[in-house]
Each structure stands twice: as C-alpha cells, then as structure tokens.
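First chain written, first letter: the chains are A, B, C, D and E, and each begins at residue 1.
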Amino acid sequence: MIKRSFFGLVKPKLQYEIIDEAQAEPVSIKTSKQIMLYIDQSVDPSLENAGENAGNVLLKTGDQVKTGQKIAMTDDAADYLLSSQSGQISKISTFVGIMGKNYTSVTIDVDGESSQNVDEGFKNVCQAPSLENAREFLTGLPGQPDFNVFFDSEKPVKAIVVLGVDDDLLSTTNQYFVKNNIIAIKTGVDLLCKITGISNAILIVPQHLEQVAGSSGAVVKTVDSEYPSAHPELIMRHILASEDGESKSKSGIAFFSAEAVCAIGAAYNTGKLFLEKLVTFVSKDGNKQLVSVPIGTPLQDILNEFNETLNDGDRVILGGPMQGISVFSADYPVLPDTDTIIIQDKNQITERSDIACINCGECVRVCPANIQVNQLIRFLEAGQYEEAADQNDLFSCIECGFCSYVCESRIPVFQHIKLAKHTLESMKAAEESNA
Amino acid sequence: MHSTLKLTVSHAPFWHNGSSISSKSRNILLASLLAVIPGCYQYGSAAVGVVTLSIASAILWELLINFISRRPISVGDGNAALIGMMFAMMLPATTPWWAVVTGTFFAVVIGKEIFGGIGANPFNPAVLAMTILMLSWGDLFDFNAALLNYQFDFNSVYPLVLSKSFGAPAVESLPLMDLLQGKQIGGIGSTFGIGLILGGVYLMLRGVIRWEISISFLAGIFAAALCFNILNPELYAGPGFHLLTGYTLIGAFFLATEDSSSPVNFIPMLIYGLLGGALTVLIRNIGTHIDGVLYAILIINLVNPIVDKIRPKALGKGV
Amino acid sequence: MPKTIVQEFTKGLWEELPPFRLVLGLCPVLGVTTTMENGLGMGIATTFVLFGSNFLVSLLRSIIPQKVRIACFIIIIASFVTIVELLMQAYAYPLYLKLGVFIPLIVVNCIVLGRAEAFAYKNKVSYSIADGLGIGIGFTLSLGALGAVRELLGNGSVTVWGDLSYNLSAAFPSYQPFSFMVQAPGAFICLGLMLCIINAVGD
Amino acid sequence: MGYFELIIACIFVNNILLAQFLGNCPFLGTSKKMETAVGMSMAVVFVTVMAGTLTWVIYTYILVNFDLVYLRTIAFIVVIASLVQFVEMFLKKSIPALYAGLGIFLPLITTNCAVMGVCVLNIDKEFTFLQALVASLFYAVGFGLALILFAGLRERTLLARVPKPLQDTSIALVTAGMISLAFFAFQGMV
Amino acid sequence: MNDMVKMVVVLTVLSSVAGGVLAAVNKGTASQIEAQQLTFVKGPAIKAILAGSSNNPIEDRFKIVDGDAEKSFFVGNFDGKANTIAFEGFGKGFAGDIGVMVGINMDEDKLVGAAVTVHSETPGLGAKAKDDPGLVSQFKGLSVKDSVSVTKDGGQINAISGATITSRAVCDAVDNAMKSYQKMKPQLQQEIQKFGK
C-alpha cells in the first residue's frame, strides 16, 4: 500500500510496476484436482426451455472434456472458454456476480491426462487463419482477445493497438511478454494484420522497453510510468490523439494485450492452444512473484504453493489494487484476464466510511478525466444519477479508481460511480426494450 | 467442500493513501499552536482559559447535536476541536465565558451541523460566529478596550484602529519587524506573525491547505493595499502594514482555506483568494468595519459556488 | 369531507399556519418583527385586509368574471389596504411610522391574494370570513411570537403593549442584549430556526 | 448622493432583499436551480425598471397634481399588474423557452414585494426621475445578484445531509440570513 | 361579446366604487392625520425641548418658506413672553436622514435643547440618539454662533459609542438649524410677535 507522501504540494503520484533485469522467472504452478470456468452468461442446463433462441444445450454434468475444448453453454453462444485441462464435468451452476451480472460456473475434475487428451477442433482450421476461426476458437486465450470489434460493420476498425503495458498497478504480465517474447509478439501482430487486413499496428510500451519493442515490426509508442496513463482510454486520447468525444468502443481501434497477441501467434504457428495465464501474485507481506498457471485453477492452489494462509477478514483480490475485484472464497479460479492476485491481511485494509465529502478537492486534482468528483459524489450520494450524468460528466469517468484512493473522507467514490453508471445503463436498456 | 472462511469483500480500489479527516484536523491544530502558544504566553492564563473553553465547548455542542439528531458521534474527526481553536485564535484574551460558549454554539451548531455536518457548511463556521458576536457585543471585541488592563512593552493600540482613525502617518512608526514578532495587540492566535507564517507554510507544504488560496489571498491584499497607498499615501497605509496586522495572516492560512467553503479548481482558487484580499483592504480602507478579513471571507465563501463553476472540460466533452 | 366553519377558522391556527405551514408573505414577517408590538400591529392590519377582501370577493364571486378576476381582487385588496393605511395614520400613527413601507405592501402580500384566489372566490361568504379571520389571526400570532423572541433576545426586554413590558435585564442584571437578533441576518436565521421547531413538533 | 454611490447603495448596502426584506417569496421559491434563478432575475430587472419609472411618472404628474396621493397603492398595483401581463404575453410570443422556464413565477412577480417596494421607495426617498430610474435598475440588479448567489449555495445545500426538520425552507432561511450577514461587508462604503 | 361587456362594466363599477370609498375615507381622516403627525413625530421632541412653556407650542405654530422648503416653527412662552422657538434641522445619518428638533431662546441666542424626531438608524447603535438623552443633552446651552461637531472631528460633543456616523449627523442637523436660524432671525422675530400676548 502506498501512503500519502509527507510533502503534498503536488498531486499524488502512483508509479506502475517496472519489470527489470533482476525479475525472477515465473513459477509454474500445476492444477491439483479441478478447474473452474466462469462463463459470462447464464443458462441453467436443467431447464429445457431456456428460451427459444438459446440454442441447444451443449454440456451437462458427467461429460468428458479435452484440453483446449470449447466450453460454451449452447451451440450458438458467443461467450465461451477453453478448458485448460482434460477431465470430467462434475458440476454446473449459475450465480450472480457484481452489478447483477449472470455467470455460469463449470467445474471440471482433472484427470491428469491433459497432455494426451487434446481437442482437435482448432488444429483442423489453423492452417487457414481467418478472423472467423479466430473468433470461433481463440477468445478464451489468456488475455482474452476480443475479435467481435472486427465484425461491427458500422464502426470499421482502423488500427490494432497492442498493449505492452499493464493497466493496473503491480502487474507486469504484458511487460514480461514484451521483454522476453518480442518475437512471439511480432508473429502475433503479423498474423493479426494478415487476417484483418489492417496494416496499422501500434505497440504501446513503457519507456524502458522502447528499445526492445523496436523489433516487433509495429509502430512503437511509449507511455509514462504514472498511473493511469496506461489506461486504454487515455492511451487513445493522448498517445493516439484520436478525435475527442469518442470512447473506446466507438473509435475503431482494436485493443489486444501483449499476452493475448503472443498466444494468438503461438496458436496459429503450432496448432496448439496455450492456456497458461501469467499472473503476478502478491502475498500479504508484499512479495511479488510471477506465476504461470492454467486458466481455471482455483486460487487455493496458488496460495498452497506459496504457503500463504488466509484468516477471517483477509481480502483476496483478483486484478490490480485500483480496478480489481475482491472475491469471497479462495476457490475462485484464475480467469483469462486475471493479471494479478493480491492477498491482503485484515489489518492492511482501510475501512471506507459514511462521512460526507469535505470538499478537500484531492479527487478533482487526481482525476485524469477532469471530473468534478467533489460535486459528482454529492449527486451520487443523493441518488440523483441523471443529474450526475447531465451536469457532472458521470460518463466521462474512465474508472481508474484514483478518486477513491485519495479521498480524505474515505468515501467509496468509485463504487458509487460504477453503481450509477450501471443503474443508468440498465434503465436505458429497459427503456429501449420497452420501446 | 466450501470453507467457512469469511473473507472481506469490498469495492475497488483496494488501496488508500491513508489520508483522513482526523489527521488533517490534527495537522491544522498542530500548525495553529505555533501562533497560539506565543499568544498564550503574551496574554497569560486568561488566554489559556479562552482557548480551552472554546475547544471544549465546541466539542460539547457537536456532541449535543449528534445526540439530538441521533447521528453517529462525529467529534472524533477533530473538526469541532478545530473550529473551537480557530474561533479562539480570533478572540481577545479577555472574552467572557458566556461569549465564548455562545460563539462556539453559532460556529458549530448554526454554522455547520444544521447544514448536515462536516463538508456541508457554506460559510466558514468560525468566521460566521465571530461576525455574529461582533455585531452584538462589539465592545467585547474592541481590542483597545478589551486589553486595556494589560501592560506591554510596545504600543498597545490596535494598529488597524490607528490607521483607520488617524491615517497612514499614524502607523508609519510601527516597525514591520515588531508586527511580525507579535508586538501588537489582537486576538490570542492572530498576532504572532512568525508562528502563523511557519504554520501556514507547514500546512501548504504538506498539502493540508491549498497553497493557491493562501498565496493569492496575500497577493490580493498586497496589490490592493499598494493601489490605495499609491493613490493617497497620506490616508492609506502600505501593503506591509496590511499584511501583518489584524486577521490577515490567520485569514490567509487558516480561515479562507477552510475546505467546504472554498473552491477546488486552480483558476477559481486564484480568483477566490485575490478577491478576498482585495475586499479586505477595501473594507479596511473605506468600509465601516475596523478589520475587513472576516467579512471578506464571508463574501468569498458566498461567491465560491459560482466561481468554482469555472473548471476544465471533462474528458470527451468538447475541445 | 367538507369542513365546518369552525374547522375553516382553526386550520389557520395550525394546519395552514402562515408563514410556517404556508410559506408565504415572508417580507413583513422578516421586516417588521423587530419588536412584538410591531409584529402584532402588522398582523392585525393584515387580518383586517384579509377579512375584508375575503368577504367582498366571496360576496361578489358570482358577478366577477373569471378572466378579470385577478384585476378585481387587486382592486378590492388595494382599497382595503388604503383604508387601513389611512385609518392607521389617523388613529395609530406611531405604529404606522414603524411599519413604514410594509403597510402599502400588504397589497402584494401573497397570503391575501392567495386566499382570495384559492378560497374566497370558490366558497360561501360565511366560510370565507372564517377562513380570512383564521389565517389572519394565525399570521398575527406568528408575527407576534417571532417579534417577541427577537425583541427579548435582541433588546433584552419585551414590550407587550403600551407600558406592559418584561425586562430580561431585570432578571439577569448582567445580560447584554444579543442585538444580532434584531438585525437583518438575525431575522432570517430566527425565522428559519422557528420553522425548524414547528416542523419538528408537527412531525 | 452621486450616482455611483446610489448604485453601490442599491446593490449592496441597502440590498432590497437582504437589508429591506422585500421579495422573499420569489427569493425562496426560485432559488433551487441556478437556471430558474437567472431567469427570474432577468424578469425582475425588466419589470422593476419599467414599473419603477412608470409609477414615478404617474405619481409625480398625475396623483400629486390632482391631489390623489391617497390612491398611490391602488394605482401602483394596477400599473404593475398590467405590466406583468404585458411581459408575460411578450415572452410567450417571442421567447417561449424563457417563458417555459419561468413557468408560474411570472404572474407571481405581480405580487412580489420587491417590485412594489421599489416603486414606493422611489417616492418615499423623493428621487428625481433619473435617480428613480437608476435606483429601480440597481435595486433589481441587487435582487438578482442575491438570488443568483443564493441559488449557488442552495444547489449545494439541497444535496447535503440536512436534518429532517430543517430541510428545504428552514435551512434556506438560515442560509439567507448568512448571505445577509455577508452583505454587511459593504456597510459604510457609501 | 356579452362577456366582454360584463368584464368592462364590472371593472369600471368596481374601480369607481373603490375610488369613491377611498376618497370619502381620505376626507374623513385628513385632519386627524395631520394632528397625529404633529403629535407623534414632532410633538414629543417639541414637548421635551419646550418643557415648562405656558402655551401649547404644537398649536402655536407658523410656517416660513426657506429656500424651496416650507418650514414649521413652534413657539414657546416662557416667563410670560414668547421668546423661544423650535424647529427641525436635518443631517445625513448611517441609514438615511436624521431630523433633529432644536429649541432656541431668541433673547439669548442660546440652544435650550435638541431632540431627534425621525431617523432610521440601527437599533442599539445609532437609534440611541433618540432613545438615550446622552447625546442630545450636550447641546443645551450652546450659543447659536458655535459650530458643533464630535470630539473626533475636533469639536465638543462626545459621540455615541460605536455610532460616530449617527452622532456626526446629529451635529450636522443642529449646525444646519442654527445656520438657518441666524439667516432668518429678523423674519422670525417679526412672526413671533404675533404670539406674544
């Protein structure tokens, strides 16, 4: 945890983690008994009538799965994951995650035959790389590449941006790939350019990796080391100098993490799907260690590896300290986009409070989006979300979490913002579906 | 095989820089001691009594209100103590106990709590209370009369009265060094210039107060006093005098910078400070009131919501 | 359920007590309540106008055409105000001096026009008189109470009427009047706090 | 008194609202939102200037000459009421947006003590025509200024955690008192 | 059309009735109002200044045009002789004009007293000028040739504490009154003869 510096004349700074020469090699961790895959969609397999357009249910308990097999709930589902192990499905359940999002959890008992029992689906198509088969087979790769942006005919993609930087603090995943695997990135970038027909590829790296990045073949741009300059929104605005007024989804830019690009390149080159996630594990005492772990592995397996014990009141965080989510159980699995796992001891946790905003203005000074957070929070606390959006730029927020980090009243500002956005968006969705 | 472990589940971000309202209050209280201790030394036990009574009664008023409105006890954040301290710093050491208690009532209850507590007060509570009391019991706060029984080794006439009644020549003889060292009469914590400046610089460096406000407030005083002085050197004292007398320094570092009633954006902070400084001198030179700082602060508190609308465009909004 | 005449009268004393429940007619409330006597005097003058205008508007309500009703109300009200003005000058001159500009301003007092429009134009004469008197007396009592508080704290004494007075300094010899209360800011703050108390009691 | 002093006095020192207590109902009624406050201020400026001068002329050249001074109140209110009618019709036709914004408050200007008060004060203070014009304008400007500043504070207060019995009008009155106190800053400046 | 006619008729009738009633009330109260004004505005001040006079000074009055304003003068009989006169002077106070009634003994050209008539000063501060005799009692016995001012301005009058502006205005009012007195003295002497029986 980074405390306020003694002198406070200038606004507080948070530095990104920098991967250096002395960085230890990742520790490889194996799955012990089972993996879990959380799919971003809820289909209750026990219900036959899951809706007319829900397609046919693909999976049920007791099915055998192979390594690299697509795990989707129905045959027409867009969201799927790739099983990193082979084994037998022992449980399928649905649950509701944060902000009311529905998930299906698929538990697979590992059979220990993962290296033999490999799914051939991708191998059959990898000779002819195309956007369609990339979308069909590769979305579940580490880094969770998203190919859907290329299929939106209203917003043609103009550039591919590879993020060789890590969005949140403490993580070094993408930097690791730039530093150690620049050839694989080149392969991946070339492939992406080929299948998309887009020649404009940009690699974003921290300053110290600029030299290395040169050999990627992509245009190299750097960002500075202060949080949140590696945030995709800010990269778009400041580095890519795209027109103001458009957000990421609208602007015709496809973002890929360096890790995902490596995995895509490797997949087409070898015909094999690489399903190990590179994660920074931060223990209670603050030690950071890169680990390589199959997607779906429960956190408990990693904790066991490092002899870390959890007690009541401790906090387990998936993702970075600024944007991650905390989970209620160590059985939670590593997801394709989990870059960081942080374990916090009970006494490292700062309590949030219910005190009103004292108008100290710290949040306003740190906000990268120039939002008047001190005013915004008043509207949000009063539940006046529409006014917040109209008068106080709610939707300009890029969700960096900095305002909550500095708040002197310790208001959970960031959470209020997310809640407000979610409420307004679901209201809008409800209105549209009614109309 | 679900474990029964109860993990903490909460929202991002999971780090906090450790700042808190109570640490802010502590820092300001600490800084104020640099001026209050010399003041207590100068005015003796009466001053200590006023300061302690003021702080204690401010805390008690807040407790009482917490109790009546059935809200969580909020005195722990130190803000009530801070208000008590700020109020005491402006008082003459001879203030009777009932005036102190009435004053902290107006500061804490009317000035802050009825608006919903910390962060909601539109005006600086201590300044508000002070002006209300001065309107009613002017003679208690007439420093010349109030401090009549003290013997000092310096000119014991309130400098602002001198300049107001007899013009600039009357105060030419006052060495600025003496004023800086607190060799003037005034409020318990508002005369020892060195202490106030050191405290202010400490607070600015640590980011507890917004330096833009303090600096521009002083700049406003300097500029306005200079203009008046150039216009009519016979009548209007120079900037040095205005900077070091009355409530100028406590106003610039401790009163105008109160969070809730001041702006947070850069340009608004400058306007706010400059306007406050200029108004101070204007009131001192051509208004009724002996010292203009308190009313100037009320006025800038009043324009704060309007001024603070000058702000940078949010990301993605226009050019 | 239609109200009885008594209810129409008593509602002005609590449910619709001006200016606390019916937040209208604030200017005289703030302007003249430096003493209790002024407050009561203003209240009585307003009651007279309220009574007269409610009576006349109600009486003429079948004759007054809808479109020019406001104009008619204004003429009626203004006439009563002028009568009060002249009578006060003739028989209560000291009070007239103290109430100053606020007497002609009864004509724009929102309560008076409000009652004509909302009540008298729609109701029988007897009900309208009860309404006007109730609201007027409620207003008078409120003004008197506010005046009493402000005068007592701000002056240290209250003159109830003529020579009948209570002197706080007699009970507490060292009391120094808190003259903030009789000045403009004190008027607003005192009214605000009284409104708070009435709200708290009302709940 | 020179015109400069008159202006300062009308806006600040003798502020029609905060020092003379005139026009409180619209002050509390239209200050919850900045936009409404601005609209109301403009309407009041417009109506007050016209009413202030017109009533001065009527008083000086008609009522005084024909010994009808006792009809002052009734004459003034009729002038103001007709003026407001006119302004309302004008706005409805030419600036419908503003008309919609001011909503019910336009007719209420009729019963706004500030307008009537300015007309009466112009007479009581025995102003000349030019003085009456200037005074009407700047009394109204002072009203608008106070209203706008008040709206700025009130927008914030409405979002604060004000205790229940104090909410809305009660806390608004207390805030108004504090503004009135702040305006004491200008005392003695003219 | 019928509506229109009705509107016009109602309005006209109402206005004329209102006008008539008001005219009647006005007429009925006019004299009473004038008497009241004298009794309450100037009366107390005159009574205070001319206390002990053998006549009723409020009745024994005359008017003289001074400049473009008409001034009222009140006569007091002392020692069987109409030798004292009271009238008003004005000064600019903290909040508006302050009127001060002064009484002058015409034989000795000396002030017999002064009292504030109208003002709009702050209660508790400037209003003390009227409520508290401390200030005005200082004028008694001054000669009309003296110029009066507060000690702060180098004069002889101690100001009310915290209300120098008001005090200054009262001095100005007295000063103004004495100046007009000196200017109009011959005229006054003529007029006063009429009351000297």
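As a convention for this text, contacts are C-beta pairs under 8 Å (C-beta built on N, C-alpha and C of every residue); 3 or more make two chains touch, one makes a residue touch a chain.
Computed from a prediction, not measured in an experiment: that's the story for all the values here.
Engineer: Can you give me the shortest step count from chain A to chain E, moving only between touching chains?
Structural biologist: Each step joins two touching chains, and the minimum needed here is 2.
Engineer: Farthest from chain E in C-alpha centre terms, which chain would that be?
Structural biologist: Taking each chain's C-alpha mean as its centre, the farthest from chain E is A.
Engineer: If I rank C-D and A-D by number of C-beta contact pairs, which comes first?
Structural biologist: Greater number of contacting C-beta pairs: C-D.
Engineer: Where the centres are mean C-alpha positions, what is the separation of chain A from chain C, in Å?
Structural biologist: Centre-to-centre distance between chain A and chain C: 67 Å.
Engineer: Averaging over Cα atoms per chain, report the distance between chain D and chain E in Å.
Structural biologist: Distance between chain centres: 32 Å.
Engineer: List the centre-to-centre spacing of chain A and chain B in whole Å, with centres computed as mean CA coordinates.
Structural biologist: Distance between chain centres: 48 Å.
Engineer: Could you work out how far the Cα centre of chain B sits from that of chain C, in whole Å?
Structural biologist: Distance between chain centres, rounded to whole Å: 41 Å.
Engineer: Can you pull out the residues of chain A that are in contact with at least two other chains?
Structural biologist: 356, in rising order.
Engineer: What positions in chain D touch 2 or more of the other chains?
Structural biologist: Expected reply: 70-71, 74, 156, 160-161, 166, 171, 174, 178, 181, 184, 188.
Engineer: Hey, what residues on chain C touch two or more of the other chains?
Structural biologist: In chain C, residues 71, 75, 78-79, 82, 86, 177, 179, 183, 185, 189, 196 touch at least two other chains, as defined above.
Engineer: Which pairs of chains touch each other?
Structural biologist: A-B, A-D, B-C, B-D, B-E, C-D, C-E, D-E
Engineer: Could you pull out which chain E residues touch chain D in their complex?
Structural biologist: For this pair, the touching residues of chain E are 18-19, 22-23, 26, 94-95, 165.
Engineer: Spell out the part of chain D that touches chain B in their complex, as residue ranges.
Structural biologist: So the residues of chain D in touch with chain B come to 148-149, 152-153, 155-157, 160-163, 166, 171, 174-175, 178-179, 181-182, 184-189.
Engineer: Under the stated contact criterion, what part of chain B meets chain A in this complex?
Structural biologist: 2-3, 5-21, 24, 72, 74, 77, 116-120, 204-208, 210-211, 259-262, 264-265, 311-319
Engineer: Which residues of chain A touch chain D once you look at their complex with the stated criterion?
Structural biologist: 356, 378-379, 381-382, 384
Engineer: What part of chain B is in contact with chain C in the complex they form?
Structural biologist: For chain B paired with chain C, touching residues are 102, 110, 114, 132-133, 135-137.
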